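Below are structures written as structure tokens.
Shared between the two complexes below is subunit A, which pairs with subunit B and subunit C, respectively.
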Partner chain A sequence: MGLTRGSLFTIYFKIAVAVIAFVVVFFTLQRLLVPKYASTAIEGGLIREYYNSPMNHDVIFLGDCEVYANFSPITLWEVYGITSYIRGSPQQLIWHSYYLLEDTLHFANVKPKMVVLNVMAMQYDEPQYEPYNRLTIDGMRLSLIKLRAIRSSRLEGEDYLSYILPFFRYKDHWQSLSSEDFRYFFRNPQVSISGFMIRSDTVPVEFIPDPIRLPDYKFGDKATHYLNKILELTKEHDIELVLVKAPVLWPYWFEQWDEQIIAFANDNDLLYVNFLHHLDDVGLDFTQHTFNAGLHLNVFGAQLLSGYFGGIISENYILPDRREDAGFSAYWEELTKQYKHLISKQLEEIKETGSIHSFLIK
Partner chain B sequence: MRRFLVLLFILTLFMLVACNDSDDSTSDVSPTPVVTDGTNGNDNPNTDNPNNGDIKNTDDPNIDDTPLFSLSVGDFVVEMNMNVEYALAALGEPLGVFEAPSCAFDGVDRIFQYQNFQLLTYPIGDDDFIHTISFRNDLIRTTEGIRIGSSINDVLQAYGDEYEYDLGLYRFIRDRTSIEFLIENDIVVQIIYGYTINNQ
Partner chain C sequence: MLFTSFNFLIFLAVLVALYAITPQRFRWFVLLVGSMTFYGFAGLHFLIYINATIVITYLCTIKIKHLRLLRDAEIEKLNDLGLSQENLKEARRSLRDKTKRKAKGWTTLCLVLIIGILATVKYTDFAIENFNTILRLFNDTQQFSLIGIAVPLGISFYTFQTVGYVIDVYREKAEIVKNPLKLALFTSFFPQVIQGPISRFENLSKTLYSGTQINRHGLARGSQRILWGFFKKLVIADRLWPALAFLATHPEEYQGIYYLFAIALYAVVLYCDFSGGIDIAIGAAELFGVRLPENFNRPFYSRSIQEYWQRWHMTMYSWFRDYVFYPMAASKRMLRFSKASRRVVGNNFAKRLPVHISLIFVWFLTGLWHGATWNFIMWGMANGIVLMISLELTPLYERFNKHFPTLSNEWFYRSIQIFRTFWLMNFIRSFDIYDGVKNTFRMMWSVVANFSLNEFLTFGLSELKLSTEEYISALAGLLIVFFVSFLGRGDIDFRDRLGEIKWPLRYTLTGVVLFMTLVLGAYGHGFDARQFIYNIF
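For the complex of A and B:
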């Protein structure tokens, strides 16, 4: 004796509701548990923010903190009308940069005309540390590109599934949920201006330690492989690739590394600018223009660097000045307002308390 | 239907709790490379005695009685994973101190530079512990008598023939401590003491 059509329907209906309820509960919990990056490690919010932008930038920066702390897209906009976005993240490795470029080309509404890659990460040939992988990869939209990025980046023993379902990575957070987890449940905090993190404080350089000699300065196979892939991808999409080394004094950038980048740039007819050789031209003064003793520039150093760099790329490449384009100007004026507002606020905090307390745009 | 939903909710909660029991080294909430326990089984080395030498994990059956690598500076022994405050008290004011925060996280790695060597530290809470000592010149010798400028034969004589070798780098390991000699043309050009922090 079989089940009637009605009872079969009831069973299927119950199963469907159960599955939907499970999915809803699971994803609600996941959303609650994943880090919001609002008060600690706010750099963790950088990668995901790109998808909230118009994704129509002419210049895309790729790299680690040497890009997101040192280049100001607002200066490039204000002085040259160049629209740019920094797809930077802490300790972004070369393969991360490659997959972020693929991701950008996949999701962008307008293909970029130029990619600026900071070369500091060429020194690494292996994934370094799981939390840094997270800060880059967790923020990427789910796609085949992200899956390939996970495969190339994860360390031995890292769980592939937890990158797709971060619930499994952050499950223990239920024990220490804070008001931040609820406050930013529906929306993530905005941590950057077009990928740039604003620091208006100053901690001057007083001392730079000796670098420790390396047994071998040759860039590794994996890093070189992905640098070549970045080159190929930019060629394939008719995008200019520019290599840069940001003008920060530590970690040490060895001459032997520089020579390899120069050779790569020469072999492939690329522009490479090592700003460490242009400190005076840029106008940098490490008693004033760094917020952590030479590791990163503060916003005033970043403005100088971006002004100088904008001059180089606008002279050497054809990049449109979008300032008169209504399709861009309203958006960039709003960003500029947010940028200036946070700088003023931070300067006010420095004046009142000696340090800054506001890092979020909103 | 309500029973289904309640059951589901309970199952999900159960999953949360059950997962929590796993010994997953990557389960901390906010990904942070700040070391929470790098003390090799000793909760806070040198909190009482700066030079107590008690940094071995005595619970670890794999550890033998071979002394750990350490550096003698005058009468003071700089031990790996020592709270740097004790070293500073004994060694005096460094020529310079460099603070190197990681790209994203709280906590600062510090480099204390002396005339002949540098101490590199990692933070735990408000304290800094030594994880690396690097030599700056040939005016200082390892406890076993090797200095920059010594020959590879001197090194092998002093440290034996159990080492890891890669690209001119000879690495001798004792428990979590190591000493590395970079050799060029059979001569030592760099000496580095290292300490492996728990989660690295």
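For the complex of A and C:
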């Protein structure tokens, strides 16, 4: 017995209501349960913030904490008029950097003129730890590039589905929901200035742990493969590639690694700056310019490093000074204001309580 | 492929789509391909065992079919010989007896071979271990190494289902399947192959081969049942599992009252795990219009252990009853033994002796079927002994009920009986929780020797690997299961009651269960996807 048009309509109507209700509830719960990165692991918010920027930067930094804690785009802007963005996240592996570069080229409104790659991650040839994968990949916009990034980074037990629908990764967060999850339900907190994470406190270096000898110092095949892919991609898009090693004292950067990067840079006619050899030129003092005993620079160390690095790249490459461009300056002036505001707030907190409590821009 | 995995849901969706677009007479073939694919996911080499069982069963039953065709043809011929009525009758009987004897031979051969496969893969190492123990007792240094065969998924279930079919064929209760591929489908039908329910051919074949068109009603009901299974398994069983595993692996620290907590927890976990898996199996079959038998009927409302076994794992219980217990208790040998023992044990007890012996044997087998360990054998024997005692006490109960005729209808008396049965079964199930028989008895004894309410009140449940939120969510799930089972009393499917509700409320209730499962379920990152407990049997 066939269904009448009326009863067919009722069935379709019910199905539509059920599907819409499911989608609404599912995505509401997903939004509630995913981490907001407002008070803990705020680095998790770095990657997603790029899409809120104008995406028209001339310089893109790629790398792990050695970029997002050590280079200040505001200094590059203030001193050289260079617009830059740091696409960095904790333990960002070399293939993460490759896919973030692809992602940048895909979504950016203006193609960058230079890519600065920090080479510390070359030491890793395999994905290391699921939470670090998450801190990088979760923030990427959904695209085929993201799917490829997932495929390259997955550890055993990780699946595509939970990257595409993070509900399935964070569903157990219901046990520890806090007011933060509701406060940042409709908007994400802003944790960086153009990808730079501000730390104004100081914890001086007291000792440097001895390096642990490795059985083999040769970079792995996968890391080398993705380094070559980054090179190819920058060539393809006529982008200058600059390799850097940030001036932090540990984890240890071995001489054998440095030699391989020098050889790669020479073979491909690239600029490679190992800032560990320029500590005095930069003016770094590890009793003042680090917030965690030599592991990362604080904002003042980052300003020194960025000032020095800005000089190198503006001398060696043609990068436009955008300070006279009204379209850029309004945006960067606002960023500079936010940057300075947070630094003074943190310094005030240090004065009053001995430590900083504010990490968010807004 | 785990029932509660995302892969299974995709597999199911693809199979439903293929089934729907295939012409009706070939739909059963889609189910066969799906079933073999599903089974192959567990390991391609396991397909060898199940297919060996199918081939043996097919060849033996088809031989029986030929014997019967031959018999019928010869009986037909007899009619034309012009024999007297009496001689004709005698000749027919002789032919029938001859065929029956031959059929019995083929049936026996079939059973020996297919049970032999089960025994070889599942019990060889157990036998070697015990043999080695005996050798050690006699200070013999010779030890035999274990063969370590991986046990194929669900071998106990599909073997029992096939054994049932072969016996039914012998008893002329089941039609003999002419198409070997159809027999393969009966043996390997994917929803039930790993943990049952154990179906009878005459029931399952009614819907298995019919190629019923997939319809909205079946899809809705099947999906509801699958969701309910997921809810029980993920929200309750898997959520509580870490606490149970912790208690089971720390018997030295957690005794007395914690032992009581562990056995009650196990009742909940096992029920939600096993019945949840059965819900998924029945629901998945319903999507294709196939009806599987129910395996649970609110077992924790049972007022006696007999009743409990008529409500828990019903298809296994009825299988043992029909294929082992009745044939054994009513066998001529047993009756002769009963007669012979009259002088020793008295008339009355001698009459009950076949029942008791069969009962103990059946429960020994049931224990062995559950697993090749002495714990399972002890579990089975404990069930048998309690049932035997309960049978012996029947006259006493009857006298008691005669004196207090209205008592059995009183709610408090019924509650006491339910409470008693629940805890009795919990104690018996201890053998399933703890490692080693001796250890299990020690834990039982700890209720007397090491009972400390104070310890429980001081430390509570906080040390048992679960957070307060997890206990609360599992408890909320349990309350819903209890509520649904309460509404489903009197053989009414809860889904029928649900169907009577107006659709907005019905959809909302379904949505609540769905989102509770999605959010509160123990799955995904941080959880090991855990097999169903009965998958290992």
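Operating definition for what follows: the second predicted complex is superposed on the first by the 362 of 362 C-alpha atoms of A that agree within 3 Å, B and C clash if a C-alpha of one lies under 4 Å from a C-alpha of the other, contacts with A are read in each partner's own complex, and residues count from 1 in each chain.
By our rule, a contact is a pair of C-beta atoms (placed from the backbone, for glycine too) under 8 Å apart; a residue touches a chain by one contact, two chains touch by 3 or more.
Since the model is a prediction, treat every value here as computed from it, not as a measurement.
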item	value
Comparing the two partners subunit B and subunit C, which touches a greater set of residues in subunit A	B
Which of subunit B and subunit C A:209 touches, first, second, both or neither	first
First, second, both or neither for A:25, with subunit B first and subunit C second	both
Which superposed partner A:130 touches (first subunit B, second subunit C, both, neither)	both
Touched partner set for A:65, first subunit B, second subunit C, both or neither	first
Touched partner set for A:161, first subunit B, second subunit C, both or neither	second
Subunit B versus subunit C as contact partner of A:78, first or second or both or neither	neither
Which superposed partner A:11 touches (first subunit B, second subunit C, both, neither)	second
Common interface residues of subunit A - those touching subunit B in one complex and subunit C in the other	14, 17-18, 21-22, 25-26, 29, 33, 130, 157-159, 162, 168-169, 171-172, 174-175
Residue numbers on subunit B that touch subunit A, as the complex places them	1, 4-5, 8-9, 11-12, 16, 19-20, 25-33, 95-106, 111, 113, 118, 134, 136, 166-169, 182, 189-190, 192
Of all residues in subunit A, those that touch subunit B in their complex	14, 17-18, 21-22, 25-26, 29, 33, 35, 37, 40-41, 43-44, 64-65, 90-91, 129-132, 134-135, 157-159, 162, 168-176, 206-210, 212-213, 215-216, 250-251, 292-293, 295
Interface residues, subunit C side, partner subunit A - complex	6, 216, 467, 469-470, 503, 507, 511, 514-515, 518-521, 524-526
Residues of subunit A defined as touching subunit C within the complex	11, 14, 17-18, 21-22, 25-26, 29, 33, 130, 157-159, 161-162, 167-169, 171-172, 174-175
